[in-house]
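The block underneath contains the structure these notes are about, expressed in structure tokens.
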Amino acid sequence: MTTFENLDTLARRIGDGQLLALAPDYSWVPMALVRALIRRKVLGKVKNLHLLTVPIGGLAADMLIGAGAVGTLEAAAVSLGEAGLAPRFTDAVEAGTLHMRDSTCPAIHTALQASEKGVPFMPLSGLIGSDLVKYRDDWKVVDDPLGAGGGPVVLLPAIKPDVALFHSPRADVHGNVWIGRRRELATMAHASASALVTVEAVEDRNFLEDEETAAGTLGAMYVTAIATAEKGAWPQGLTGLYERDTDHIRAYAEQAKTAEGFADYLKAHVLNEPGDEDGA
Amino acid sequence: MTTFENLDTLARRIGDGQLLALAPDYSWVPMALVRALIRRKVLGKVKNLHLLTVPIGGLAADMLIGAGAVGTLEAAAVSLGEAGLAPRFTDAVEAGTLHMRDSTCPAIHTALQASEKGVPFMPLSGLIGSDLVKYRDDWKVVDDPLGAGGGPVVLLPAIKPDVALFHSPRADVHGNVWIGRRRELATMAHASASALVTVEAVEDRNFLEDEETAAGTLGAMYVTAIATAEKGAWPQGLTGLYERDTDHIRAYAEQAKTAEGFADYLKAHVLNEPGDEDGA
Amino acid sequence: MSEVPYKPEELLINTFAGLLDGVGHVAVGALSPIPGCAALLAQELAKQKGRDVQVSIIHGDANNPFTDGGRELFDCAGQGRIGAFFLGGAQIDGEANINLLGVGEYPDLKKRFPGSFGSAYVYFVIPKVILFAPEHSARVLVEKVDFISAPGTSPPNVHRPGGPKALVTGKCCMTFDAAAKRFTLVSVHPGVTVEEVRDNTGFDFDLINDVGTTLEPDGERLALLRGAIGPKIAKTYPDFAARVFGQG
Amino acid sequence: MSEVPYKPEELLINTFAGLLDGVGHVAVGALSPIPGCAALLAQELAKQKGRDVQVSIIHGDANNPFTDGGRELFDCAGQGRIGAFFLGGAQIDGEANINLLGVGEYPDLKKRFPGSFGSAYVYFVIPKVILFAPEHSARVLVEKVDFISAPGTSPPNVHRPGGPKALVTGKCCMTFDAAAKRFTLVSVHPGVTVEEVRDNTGFDFDLINDVGTTLEPDGERLALLRGAIGPKIAKTYPDFAARVFGQG
């Protein structure tokens, strides 16, 4: 059953070396939880995370990388969108301090669907001849295994994250979470061993009792724990509630071009928030 | 773009030998359209259909089979639920007049997902040792093609229906159709070359402009044509609008035990409806 | 005899609920009012001990937590999130192979049943599958099924986290040992003898040392069943609730 | 020169819109305001001829028809429902291989770009992929890409219904012939010479017999673009709309 707790206890559930799945910046990214996680990293309480972006990363990934929390990154791309390159990601790759597993968007969706269905792999069209395949020793090109002369096809092993993380406008008191048409969040949660969710608010009702709400709901059985975090996606936007803080993200893009600037950003916007000094 | 037309022109879009996908009786089955199709069969205008139930069939499948419209049936099961065995299905199989492709529920979902993703096949766990596999020469058991020692796995070729058929409480004027949490209807439509949909009513709005409605909407790009059919699921129920007519279905189960009784049922409940005598 | 009279369905529900002890998530398929009641009863009993049990009833909208379409039950089972499930069988044999499809030599069947439903999959992936045969006869419990909808056991190289653990019939309870590929008679229902079970079973089976009588529901349990479970199951199976519990 | 002054972006939008003629469904990825405008313009031009064109803009909620999560764009393309798409490339070579990932020898890159996004898939399944290189230089248009995010062509046994059909840069338009594995220069933008294109292109290419000047948008077209398309694209790209069309 879903537990209701606070942001810090939610962050404490994430352990060293775990595989975390994180949706893109436009898809309800749990920025407040990411900041809580960075505070834990700074305190030496979590390290060497394996981050999976579903399928691309942005500010959240860049900040986790900049804070040194990420050992391995699997992503189809990392970018700050209109604000340009993701500076800490770019720097880490060029410095050789980040182990990259470069992928492509539909490959990440497909590998999560394989876990969702409980199968060891799934095929995907395309990809053949891309250097991505050359450097991914876990991907396998096979001749049409149906033996129907369909030609070669790439098989992608299932990816099973330890934790899926996301933010949502609302949960109900039963632990059901509204995901609307952001259904990649359902696939992420289905594929993952656990899901940690922050929400703007918890509503005293049951989303499943109204067919209209039920259609956009992720059932509580996939949701491990929920914490309330108002404006929990800031500086990213949240559908229908608040817009992306473009100025803030542009300022980050500029400031984080150097390690020093990034450290200043953390001081001003991450480490200043209520801490977790007594955390486990 | 989605066409708005009437029940008869919708039925006329279905041609001889086409592969039709039909959701179960509890999942918004388009009974009025099925009756229109039976009228076309009786007029000699459609024959030898290949019916796929997604994944099980009920009254609609039994009626189409009884009317002699179905040459091949792929199904995980056919039953009238609490009303018992499906009499025309049972009779046709025992008489050897129906070509069966026996399947199992998740295999049908998976084969449609393969078409949805545009891949030639998908793997599925289980199945090995079931006689279903023995008699399905299109299913293939292979040793773990990843070469990771995962053991044998069954590969299911994609199923690509010509037409997906379903009924819904509502469409909007742009051709978007509400499917709520009946998401198998989305998979069916995505996997099919076309989708014919009946609705209780067409609303003058855009479902995609409201995030709550959008979450339960199948986009117009998958919807070929829509016809209004009030009580179009009767005698089955439709979520939130009307209940299943249990007495009617029980009476059918009894009457259709003989070919003569079934013919009487058609006369009373199918052929009496406005016809399609001048149809193409 | 129990001090309070009870219906045969109530004995079966009570028996199934006992088998569900310790399971975290029970899923119940279509047309399964007795398993449905058993799952809800197990949930209620766990609640009394301070534990949460999830019950997912696929059929209908009540107690149905699924929002991702028809495949979600199977996906969810494949993810290992479902602990127990019930399966019936028009034929069940001594190796726990089940036949939901028909009698005779496929495809020339003498008698056709609805079909295999999801059995060929769920039997492999759900850890505790409980078989249910209301009619205990040599017609249903056969030496060898005519068609294997789903096999009772698999070779060791086949990925199979799940499978049959028990069989409950109108006459008795058996457990299943996958390594031995055999059923073991554990208890007979009140009024039924081991002899009678043997005479009406088409396959050979083992016996525990001391075959007892299936535990009857006591007054407290029956009150719970009729008071708390009846109204809940009536949302999905009104006819059944009216007939068995006088609800609705 | 056109009788009405126009911005370079407006020439590119007009050029892309011409390439989209006859396509039924154009999808536009993230960070693509110029392709987004071109798709909306092609839709408007088709409407004037009585034809419907669907435009799906992935980024944001306006003009976004997808309701099945992040995978739907790719699934939809795999189903053959998307006719045209735009791809950029930090490097593009003469065989239409594209590199969105980085410069140098992988994994020891000298310069890292964001990554391959969905290119390794959509380049295979969408029939008309239009390449876009705003900066026309030998740094971008290279002899051989350092990393193949997606290959321009595939051996005949590889299932590939899609691929590159054209390349539009800041200086010219080229078409691509998959059989010959070569680009052909079709037109240069106003004020650009064939020589200049050659000097700034790192790969060898063919020329059509009569390389013309890229068609400029006339007053009517510009009015349409600024009047009808500007407000639409402003819903997704307000900054772009303000800068180019003075909208918002």
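In this document, chain identifiers A, B, C and D correspond to the written order of the chains, with residue numbering beginning at 1 in each.
Heads up, the rule we're going with is that a contact is a pair of C-beta atoms (placed from the backbone, for glycine too) under 8 Å apart; a residue touches a chain by one contact, two chains touch by 3 or more.
Since we're looking at a predicted model, the values are computed, not measured.
S.K.: Which chains contact both subunit B and subunit D?
M.R.: Chains in contact with subunit B as well as subunit D: A.
S.K.: Where are there more C-beta contacts: A-C or A-D?
M.R.: If we tally the contacting C-beta pairs, A-D comes out ahead.
S.K.: Measuring from the mean C-alpha position of subunit A to the mean C-alpha position of subunit B, what distance in angstrom results?
M.R.: 37
S.K.: Measuring from the mean C-alpha position of subunit A to the mean C-alpha position of subunit C, what distance in angstrom results?
M.R.: 40
S.K.: Roughly how many whole angstrom separate the Cα centroids of subunit A and subunit D?
M.R.: So the centroids are 29 Å from each other.
S.K.: Quick one: subunit C and subunit D, Cα centre-to-centre, how many Å?
M.R.: A distance of 59 Å separates the two centres.
S.K.: Got the subunit B residues that touch at least 2 other chains?
M.R.: Expected reply: 110, 113, 117-119, 124-125, 150, 153, 181, 186, 211, 214-216, 239.
S.K.: Which positions in subunit D are in touch with at least two other chains?
M.R.: Each of 61, 66-68, 71, 74, 78, 125 in subunit D touches at least two other chains.
S.K.: Please give all chain pairs that are in touch with each other.
M.R.: Chain pairs that touch: A-B, A-C, A-D, B-C, B-D.
S.K.: Where on subunit A is subunit C touching in the complex?
M.R.: Listed in rising order, the residues of subunit A that touch subunit C are 1, 115-119, 186, 190-191, 208, 211, 214-222.
S.K.: List the residues on subunit D that touch subunit B in their complex, please.
M.R.: The contact residues of subunit D facing subunit B are 25, 52, 54, 56, 61, 64-68, 71, 74-81, 125.
S.K.: Using the touch definition up top, name the residues of subunit A that touch subunit B in the complex.
M.R.: Residue list for subunit A touching subunit B: 110, 113, 117-125, 140, 142, 144-148, 150, 153, 155, 157, 179-181, 211-216, 239-240.
S.K.: Can you check the complex and tell me which residues of subunit D touch subunit A?
M.R.: These residues of subunit D touch subunit A: 30-31, 59-61, 66-71, 74, 78, 100-102, 106-125, 147-151, 154, 157-160, 239.
S.K.: Where on subunit B is subunit C touching in the complex?
M.R.: So the residues of subunit B in touch with subunit C come to 23-24, 26-27, 54-56, 75-79, 81-82, 85-86, 89-90, 93-94, 96, 100, 102-107, 109-110, 113, 124-132, 135, 150-153, 181-187, 239.
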